[in-house]
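Following are the structures in question.
Same chain, two partners: chain A is paired with chain B first, then with chain C.
Entry: the complex of A and B
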């Protein structure tokens, strides 16, 4: 179509005539062709103009030549709708990716449900209700109205009142969302003051093999109902929300299993037993893990004769949960073997047979220390099984190594062991430790081991200290040595002959009488 | 001190394998020595003696000792004998403390090594 400067149509081809039936040679363009095109011509525009003619969309390309402009009209209805669809898809993809990030940002199920309800209410509907499956009578639910905050509730309901919801909650494979008669919806589906409902869609939230829940989308009466593509989109969203919720459920389950295991595997709190002071400290290799390959226990006397208690400190080779599980096994076995505690070698031999034959050469090294109070002193029988010998701190600050030696437990067909007998006088301590202490790497350059000498020096300063102060000091010095470096599990256990306590009647100052 | 671990396998004679260990045997390096010995032994069925040269072995912790025991097991199962040569005092102390010297090296205890397998 050629239009001259005065706005008069100079030429029309077949197609242009069909498009603008009113236009013709010599007639003014304004009023006979599309307004947007007439305006673009008026402006003398040399850029592409776009607009609609009837139901179709066109791009008009101007080619000026002298006194007139030729407008080439190109039908781009298809292109435009494709472009719009692309933009819509891009927007949805961006939303889904944002939604995934938000949903997976938390491994807490409640939080996850809140995020899902909020996103669904904002982007998919006017209000959303997220329900999780339950083992009890009430369903955990979160509802959210567009623009509002999600509210958490527990619904005491029969989910079958809303068709499709019961199946969705039982984890049946995702079925197409169901169209429902809004009038038939039970009142608990609607948020308070929501007004008349226009349409409802129930979508299952598929999980990893376990039902993750269901999503109910609500639209108000005056809004358009869900289109096919919107419904598909809702299902895409539901898949993501379901995956996140089921991950959160699985995580919660595992966390509770770990918690239960941990409670059993944690080292015990030690105190005075049969007139002997005990104290222990434990620091696992990986900070944040409370359990590992080192362990200690103190068992009260169960043999008939006397008040002899048995302290055990050991080290399973390896780290983390694997080591912790073996540790649990060994502690349980030792408990069962307590009646044999009067003969350390026999006990170790039985333990060795119980643990033997494991395929991955896992072994344990340990120290057994039987302690019995005799007057003011404590009589000890100590046996090392492949373990660094304990240190004895005498009241005058001398440090001795316990003279006992034996094979490690769990790999060798036969074991050997010798038992040492020691007497602790008041204020003296026998310190059992694992090699994590002496092998702790650190120091000024970060590459030196804490070593036996430094340990002996530290222990020497602990003469006449209560057991708790001794282990605290040793653990503290080793931790300071390590700084931020890595380390193995570290455990220490102190057995101390208590110093007499001042009688309250004497006032606790000056020389007084000691109680035994 | 943390130098990692390098293990080298050579067979100076048909029936003897020499493995030099250079570095630390510890939790972080666990598996290296065992993999090497297992793989090479499978390719040299004629080997009757595996000599670990421990002269360059730095630090050996409980995981390292566990590794040596696994190597021992593999060597014995292949019908060969394990030797720990050039042991440094620290390694000797560890073997003594844990009562594993005789078991691992088979020195002066052939009868016992046979009984294990």
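Entry: the complex of A and C
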């Protein structure tokens, strides 16, 4: 179409005539062609003008020549709708990717439900309700209104009051999303103060072979209906939310099983027993784990008179879960052998036979220390079985090595052992440790072993310290020595004769009179 | 009781507890606290103004070389057990507020501030999971998945743990849990807490408990940790950290050449010097990580103060910095930090204040 400077149409081709039936040669453009095009011509614009004619979209390219401008009109309807669809899809893909990241971040079911409800309310509807399958009489649920915070509740409801919800929560038979008459919705579906509902849709959240829950979306009157693509989008979101909630449930189940099994394998919390202070610290070789091949235990009142307690610290060859399972067996066996604790050699011998029969063919080194409070002092009987001898720190800071030796357990048919007798005076400590401490490699130059000398020096500083402080100090120095490096399991156990006169007042038992 | 009498009562309890913990007398310490609670002192005040004050004094006295390491440990162990007795003596309210996980940055041995915060939160009515010191991030994250707390309160005293703190904060946020950070490591104004992307920061336990009354904002899922610290792209932190043992070795050898007296050092003296150097390198690396020179100069001023208290001239640090600078001349940010620190140490006021 050619239009001259005065705004008169000079020429039209067939297509232009079909587009603007009122326009013709010699007629004014204004009023006969589209207003946006007439205005662009009026302005003398040399840029592409865009606008609509009827239901279609056009781009008009001006080519000025002499006294007139030729306008080439190109139909852009398809391109534009494709561009819009692309932008919408890009936005949704970004949302689904963010949603996946947010949902998969937490393996906690409550947290997952909160994230799902918030995202759904933000991007899919004006409010959302996420329900998990029941774990009893009530349904865990989270509701969220757009722009608000998710609220956690437990609903005491009959899910069939909302058509489709019962099936969605059962997951079978599979149900499609369903649009519901808002009038039919029970009051518990609506968040407080939400106002009149335009429409409601129930979507199942598919899990891993089992239902993970249901998503209820609510829209207000002014944008009540969902398009097909919005419904598809909601289903894509539901698939992700369902997978995340399902994974969180599985994790919770596994975690509770692990916790129960782990309880027996974890090192015990030690405290004062029979007037003797005990403290232990353990650091497994792998930071992701809580257990390993080193272990310790303190058993109370093992003799007929009930006055002596037995401390055990040991090191099973290997590390990680396999080693931990064996330490569990050894600890249980030792517990069963406690009546023999009067005679360390006999106890070790019986343990050796039990382990020798074991097909695992693993061995263990350990230290037994029986402690009995006598007045202000603590009498110790200490026996090593293939284990580094414990250190004694005297009140004046002298450090002695316990004079006891013995064979390791689980290898030879017969074992040998000697028992040392020691008296601890108030403020003195006997420190049992595993070789993970002395073999800790690191230091400021990165390549030295912590070593026995450094350990002895560290222990010397621990004279007159409470047992807790001794084990903390030794573990701290060894850990700092290691820095970022790798290490073996490290365990320490301190047996301390307490300072102070107060114990007699509480009969030598318990943590002290202010805790009684 | 008037405010004046109350604060003099608090001062009296603090003094009594101080006497007990420095004498290593756990039972006298317990008595002091039971008496403080018995005379109507607010339990939160007993925790923070009595036990907390004693703990701070332990740190100050150690820095001034008036307490041995052993005394410091013993005092802390006793305070820790005294806090444990709190639960027996005092009825805590039923938890009616949110659930908070309290943990220390992994590698952190100063658990007391976190311990005190846990007790304050319990007294205020929060449900608290106290994980203590030395919590590897995988344990913390597994705990978050299991329990789904409303927030993690992360305590850090040592600035050198800031890179680990950053990893921990990011891990918590990836598990959809917001973090409130606190403790000396995060800066007196919380600057490193903000830098590392924590949702909140509090200067002390009371402020943290106040802040947690309102829910923290939920972390943003698509957050990339590197966005917080674009300067890490130059890899100076990584390279310095990786070569730290070699740097210490070289500087140690260089010092022996420069300072003849060092050649007659005992093995132990050499080890201490090496440890001091390793510390300097660690702080340098941390300053590179957070991109903040003040962290490094602050540490050197503090070290200078410690050295002075132990009768070692602070000027002995300068040759070490020079040797380190020569090793790191290809690293513009590290060189800048070392120059600034040297200038700072040369100023007469250096070492007179403790900024760490």
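Rule of thumb we're sticking to: the second predicted complex is superposed on the first by the 315 of 516 C-alpha atoms of A that agree within 3 Å, B and C clash if a C-alpha of one lies under 4 Å from a C-alpha of the other, contacts with A are read in each partner's own complex, and residues count from 1 in each chain.
Criterion: contacts are C-beta pairs under 8 Å (C-beta built on N, C-alpha and C of every residue); 3 or more make two chains touch, one makes a residue touch a chain.
All values reported here derive from a predicted model rather than from experimental measurement.
Novice: Check whether A:461 is in contact with chain B, with chain C, with both or with neither, and answer first, second, both or neither.
Specialist: A:461 sits against chain C, while chain B stays out of touch.
Novice: Taking the superposition as given, does A:386 touch the first partner, chain B, the second, chain C, both, or neither?
Specialist: So A:386 only meets chain B here.
Novice: Counting only touches as set out at the top, which of chain B and chain C does A:228 meet: first, second, both, neither?
Specialist: Neither: A:228 stays clear of chain B and chain C.
Novice: For A:14 in the superposed arrangement: first (chain B), second (chain C), both or neither?
Specialist: Touch partners of A:14: none, neither chain B nor chain C.
Novice: If we overlay the two complexes on their shared chain A, which of chain B and chain C does A:447 touch? Say first, second, both or neither.
Specialist: After superposition on chain A, A:447 lies in contact with both partners, chain B and chain C.
Novice: Between chain B (first) and chain C (second), which, if any, makes contact with A:283: first, second, both or neither?
Specialist: Only chain C; A:283 stays clear of chain B.
Novice: Of the two partner chains, chain B (first) and chain C (second), which one does A:192 touch, if any: first, second, both, or neither?
Specialist: A:192 sits against neither chain B nor chain C.
Novice: Which holds for A:55: it touches chain B only (first), chain C only (second), both, or neither?
Specialist: neither
Novice: Quick one: name whichever of chain B and chain C touches more residues of chain A.
Specialist: Counting contacted residues of chain A, the larger count belongs to C.
Novice: So chain A touches chain B in one structure and chain C in the other; where do those two contact lists coincide?
Specialist: In the superposed arrangement, which is not itself an observed complex, chain A uses residues 447 for both chain B and chain C.
Novice: For the complex, give me every residue of chain A touching chain C.
Specialist: Checking each residue of chain A against chain C gives 98, 101-102, 105-111, 114-115, 118, 149, 248, 251-252, 255, 259, 283, 287-288, 290, 443-447, 461-466, 468-469, 472-473, 476, 479, 484, 499-500, 502, 511-515.
Novice: If you look only at chain B, which of its residues touch chain A in the complex?
Specialist: The touching residues are 1-2, 27, 59, 61-63, 65-66, 69-70, 73, 96-100, 103, 112, 115-116.
Novice: Can you check the complex and tell me which residues of chain C touch chain A?
Specialist: Against chain A, chain C makes touches at 24-28, 30-31, 33-34, 68-70, 73-74, 76-78, 80-81, 84-85, 88-89, 106-107, 109, 134, 136, 138-139, 142, 144-148, 173-177, 215, 218, 221-222, 241, 244-245, 248-249, 252, 271, 274-275, 277-278.
Novice: So in the complex, which bits of chain A are touching chain B?
Specialist: 315, 317-319, 360-363, 365, 384, 386-388, 405-408, 411-416, 435, 439, 441, 447-448, 488
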